[in-house]
Amino acid sequence: MIKNNRELIYEGVSSNYLEAETIICGIPFDGTVSFRPGTRFAPSAIRQVFDGIETYSPYLNSDLTDKKICDLGDIPISFGNTTKTLQTIEQEIASILDDNKKIISLGGEHLITYPIIKSYIKKYPSLNIIHFDAHADLRDTFMGETLSHATVMRRVYEQLSTGQIWQFGIRSGTKEEFIFGQDNTSLHPFSLDKITDVINQIGDAPVYISIDLDVLDPSIFPGTGTPEPGGNTFIELMDAMKKLTSLQIVGGDIVELTPNYDASGVSTIVACKVLRELLLLI
Amino acid sequence: MIKNNRELIYEGVSSNYLEAETIICGIPFDGTVSFRPGTRFAPSAIRQVFDGIETYSPYLNSDLTDKKICDLGDIPISFGNTTKTLQTIEQEIASILDDNKKIISLGGEHLITYPIIKSYIKKYPSLNIIHFDAHADLRDTFMGETLSHATVMRRVYEQLSTGQIWQFGIRSGTKEEFIFGQDNTSLHPFSLDKITDVINQIGDAPVYISIDLDVLDPSIFPGTGTPEPGGNTFIELMDAMKKLTSLQIVGGDIVELTPNYDASGVSTIVACKVLRELLLLI
Amino acid sequence: MIKNNRELIYEGVSSNYLEAETIICGIPFDGTVSFRPGTRFAPSAIRQVFDGIETYSPYLNSDLTDKKICDLGDIPISFGNTTKTLQTIEQEIASILDDNKKIISLGGEHLITYPIIKSYIKKYPSLNIIHFDAHADLRDTFMGETLSHATVMRRVYEQLSTGQIWQFGIRSGTKEEFIFGQDNTSLHPFSLDKITDVINQIGDAPVYISIDLDVLDPSIFPGTGTPEPGGNTFIELMDAMKKLTSLQIVGGDIVELTPNYDASGVSTIVACKVLRELLLLI
Amino acid sequence: MIKNNRELIYEGVSSNYLEAETIICGIPFDGTVSFRPGTRFAPSAIRQVFDGIETYSPYLNSDLTDKKICDLGDIPISFGNTTKTLQTIEQEIASILDDNKKIISLGGEHLITYPIIKSYIKKYPSLNIIHFDAHADLRDTFMGETLSHATVMRRVYEQLSTGQIWQFGIRSGTKEEFIFGQDNTSLHPFSLDKITDVINQIGDAPVYISIDLDVLDPSIFPGTGTPEPGGNTFIELMDAMKKLTSLQIVGGDIVELTPNYDASGVSTIVACKVLRELLLLI
Amino acid sequence: MIKNNRELIYEGVSSNYLEAETIICGIPFDGTVSFRPGTRFAPSAIRQVFDGIETYSPYLNSDLTDKKICDLGDIPISFGNTTKTLQTIEQEIASILDDNKKIISLGGEHLITYPIIKSYIKKYPSLNIIHFDAHADLRDTFMGETLSHATVMRRVYEQLSTGQIWQFGIRSGTKEEFIFGQDNTSLHPFSLDKITDVINQIGDAPVYISIDLDVLDPSIFPGTGTPEPGGNTFIELMDAMKKLTSLQIVGGDIVELTPNYDASGVSTIVACKVLRELLLLI
Amino acid sequence: MIKNNRELIYEGVSSNYLEAETIICGIPFDGTVSFRPGTRFAPSAIRQVFDGIETYSPYLNSDLTDKKICDLGDIPISFGNTTKTLQTIEQEIASILDDNKKIISLGGEHLITYPIIKSYIKKYPSLNIIHFDAHADLRDTFMGETLSHATVMRRVYEQLSTGQIWQFGIRSGTKEEFIFGQDNTSLHPFSLDKITDVINQIGDAPVYISIDLDVLDPSIFPGTGTPEPGGNTFIELMDAMKKLTSLQIVGGDIVELTPNYDASGVSTIVACKVLRELLLLI
């Protein structure tokens, strides 16, 4: 139980577990990454930089110091053992949800969303998932494996009962993924423009927000495993997130920052700003 | 004859020479580069990354696996001997054109376009050249030399009989180059907006597309010898290329990627995506 | 007196001190930087790259070779001694102003603007300051110090008599800074759009332009101490600068380039292009 | 069966499988790495650089062009699935041994030695293992896992029947590992000096040589996951390898090159030189 | 009082302040650095890597887990204000010495040794200082300043009453510094060989060990502000440190690691190993 | 005539041409480099760092301020035109020799030694050449070209009349080169130990010293085009150079620094120290 771990304290994130309403949880897992590994370094890199950014957001005119947030540190990873790691994630998330907290998870690779959602759906059967990503992640298998960063949304889709996946920013995939997305999820390629429509459709259902940071253009976010040109600007993402304020957000994740491919440090700063906005949205 | 070389096979590029309609040809020459050398590493870097990107383009809704493409490997370079290298390029290109193939050349520096065009004009006397670039490349001499990456379009211009050069994205040069461009080529500074007009003017004449990747803004394409801020976005280039589908494209080149100045690897990925679209256009 | 130093000569900057109308002055001071130091390397890096860029600006259709500019080299820095360094800057600037020159200073960190403005206000009591920056720099103290890159505009504000500070591009700060800016300076957050209005209000008062290059988005300008995503594009900054031609500009500075965080070299090139435009504006 | 794959051909490595006496096999697996991943990139990086180094060794006065060597490409990795990957390695190695070839494997992380040795011991029950490494790799478990780069020699030890492990260069580990090594393997800390003694003890038993390149000092080999200062120089390793010529070497591996931490490229060149000597030794 | 700060806990460093015999103290000051700044990042970088290295030293056959060590975090720095920073350091060190602790300080630049020694000499008037360094640091002034990383040993010398400075590894300086060293300190250029003689001369006097890591050759320690080729190997430094076990060591510092010039991460690992040995020596 | 260029002045190099006894000359040519280009950046990088190193050498106990040295700047390079460039070098060197100066040339690639020696031999027919290098450079042709960095000593050998080439540190080449060296030059592989013998044999003949910096081990000198492990330490090179004091040295060169592969900056510092010793030797 990571709840017994030492709580991490930094600028804007300083509540203890009991009083906190939102829990930050690091999940430094990158075991299925096929191209450029290193998202395992993201939670630590984000915390180090987060401590130095402003707690006040001029985008939302809101300040982290008005929130009750606790960082529980990292969920332990079994290096080389995917099955065991996914089980640990699922159990840890379930345990925190039992205490009626909202959770923001810091990946790690995108596959972590799968065990998280498995626990979330038990608590919120009508969960809606807003998914920002350059990739559809809708393959059935990838390089022979069913559990992969490239299949995660297909696996998540299979868990859904009455809920729905809404995908934005998708600009890379196989032809089959794009067709599957049109038939089974609400896949919006390239832009984030349709987000207003979606918000109306979701209404007051509980919402989980999964942000694969590679939805951003690699000009502003090069530090990721599979950068895809033609992405959204930071301002476009800020605008889209701002529109989510009316939703009932119950959790989310920020995945696929690879600090070891972030020579300038800008990608890590971007991840921190996105985290700040997400924490302020909840 | 590089046709006798071993054909390179990778994802989406797997035809043999005889059956192929389009030939990829590496030309790792950077002998006249004055600022930051290294385009010699581009063909190898592009092939390595190309093997990992999607063959399906959501921009053109088209897939490389439906094309017949063969990669003949690299044309041999005589290091330190520009004259001999240019002769080799001219001969190799002529030989492939004799077999009625279309050729996409991977630079290398922009000077390679000169011997390529010399061979092309013999086969297509009315050749039109669409030139994407940050620089006019219209100087008569550069640092005392007539054969240079900075004079290449002037040299190409001198080869034209009835054809025409159309230049887009130009945002750096001497005052004289801008004036020469206004008088003698169709020079469109900064944006790519005028491409629709040009397409109508070209009609069904044979077209060669020369893409100096520094036409892109250095935010998305830093890995080049002389980056120029104020350039076009990747989406703007995709939009412009999409409009070229109606033209009769007979060849092209992608030049000036310098992988050793591409710390994040994003520039090489961008080059691969541009190559994919160019291969799908033909 | 740096006037006795050897004058530096490079492409487009080749007048001697006596004949020159505009003086370039390096101020490699980064003593109060708290996050990523290294602006001390900026003047040297800028000069080295400036020597290779075009003297002709297609944005302003104007050429540096038509200007009389002299580079006096760097003002000497006392490492570890902020008070002495600021005094030296103030005296050197005053001495050049006495000779009726206009001065463009190359930082260094933003705090250098404070001693420069102290000398400028003695000569131009009604000085207006146009300030491009991602940060408001309006804190009263920062980490216990009153003299800091994060307090510089507050200190400058306290020096003003009848003049005015106009701030553009601001997108990061404490809540208090944004409120102070609304009440006391003309703080325009995020965009540069309001610059036309401001030009009319300034009229023919003398104007000093302070450009903290982090006003640009880190996609195009990563090489700076505290990069802030959501910034302005290079084209937006060019457009804004172009509109300043009607003003009576008497000096300016370009600060916060950190070449050691500029792996691709693009940030330094951007700084050079901004410097070229600024020199052409005067 | 990778034997059906396309054989890779480069300078000094150009035999086909049938005629070859020595087989090169890439194993780009780094699934259990806990610190800095990236050995997955090593086989590709080594081949690219190997093509450019001299085939003649002045250390051994011997030339690769006199050898019959074939490179079979990479064994396929199941990303995220350690068990399946180790099974594949074991089967592929067994299959090549059945054809009476000697095998040099290019890691990948050190755990690959475990399945390789499992197959080797079936063919050579009295196999001796000479192990160059900075780390003892003798833990029973590491971070809760029994299969790990840090436990590999313990697992190999458990497979041995009559053979023996000889360890050289060890300079990092737990107190328990050093004690286990003294009792159960022939662990020689720090230097390679004792290698002459060992050669006499081994006599004409079949020998497998496992070279974890981090045995070298990080001054000459920084590009590895867990660099340990105080290591051996390249010349010391060359001298030690030279002494092995009298042994009956039946296979070996070169592991733990991490090209993405090899900014200067020197580590990859070192790996290539060690590979050349190892190929010449067999 | 940093004693009230949160104590940092990591592998091998886990005592609380009261029970601890040795205190680790970060001093991230680099205000007088003239060449390549960044030692401010060293304490944080060292702690992060230290957490992952072995607690057992095969050099000393000793384990950190048998020691009582507490890390008090960093002494607060006033950026841009050298005088105030040095006063804070002096007071904080005095306060910990009052509690009869031994202190290992992590720089920061070498000037921090000056205020530390000022406090130490009050407690230990006959303090001897063993100084490992590439540079003599014996100038009277440097670039006009008396308080500088290049004058620190001159300032320390002026504080000595009956004690003595012993300098090893010195290989760069002005002619004057070498002469001053011969006359006033015990300056041993280049090698560490004379350390045995010195140990006998010191006897049981209290000893402070100041390790400027640039005493090491830049092949193994490139991550420092002013690297000097021709330095000592890591093994030579280990051997020299091993010989100090008989001395009565009362404190020490490790300075001049510049993590932002340590691309491979090896320099930071070296600093951690040196810190481990120093902690084990006390 | 570069003698008309502006003379460069920096720490320790401040004489004017007329009074100077030793001339420094930059030759930023890297046109025949086949692997990693960039020695063109070396003269500029060396000058920038040289300005900051100590003028006093503790190795030779000698100071640059006692010498009369003038830096004439760079010889102009014709990019892409090897023949013309080599002619320019030959003429410029001849012209300076006519004025009875000694010349230290800063490469650039090793081929520059060929035109330099052509001019030197006209003045000094019995010239002896001491050649430090990892590579024999004795090929007759390289990749089809006779003028190449890999053939330079063969070309130089063909120019010799009564003189002699003495080669040290050679550890890479074809079998043919090693045999040619044994028969025709005095090729000493690997170590520099035999230098004392050679000094006696040379006696008072005029000597030219060509230092390809890759003679040093890549642990201390990674910033070069073709790094070869197993090289000499900096201390070994210093010791060898020290022994040359009795010779009548009339010129020399320092080649093959590639600053763009020198991430840590250490290679450039090493080049500067070698340059300082060479200047002090003359």
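For this structure, a couple of remarks:
Just so it is clear, A, B, C, D, E and F label the chains in written order, and each chain counts residues from 1 on its own.
By our rule, a contact is a pair of C-beta atoms (placed from the backbone, for glycine too) under 8 Å apart; a residue touches a chain by one contact, two chains touch by 3 or more.
Treat the numbers as computed from the prediction; the structure is a model and nothing was measured.
Chains touching both chain C and chain F: B, E.
Relative to chain A, the chain whose mean Cα position lies farthest away is F.
Work out the mean CA point of chain C and of chain E, and you get 39 Å between them.
Each chain gets one centre point, the mean of its Cα atoms, and the points for chain C and chain D are 56 Å apart. Across the assembly, chain C contributes residues 36, 217, 219-220, 263 that each touch 2 or more other chains.
Looking at the complex, you find that chain F touches chain B at residues 30-34, 36-38, 40, 76, 78-82, 111, 143-145, 147-148, 260.
Interface residues of chain E facing chain F in the complex, by the touch rule stated above, are 35-36, 170-175, 178, 189-190, 217-220, 222-223, 227-230, 261-263. Note for the complex: chain F touches chain E at residues 52-54, 56, 58-59, 63, 217, 219-220, 234-235, 238, 263-266, 269-270, 273.
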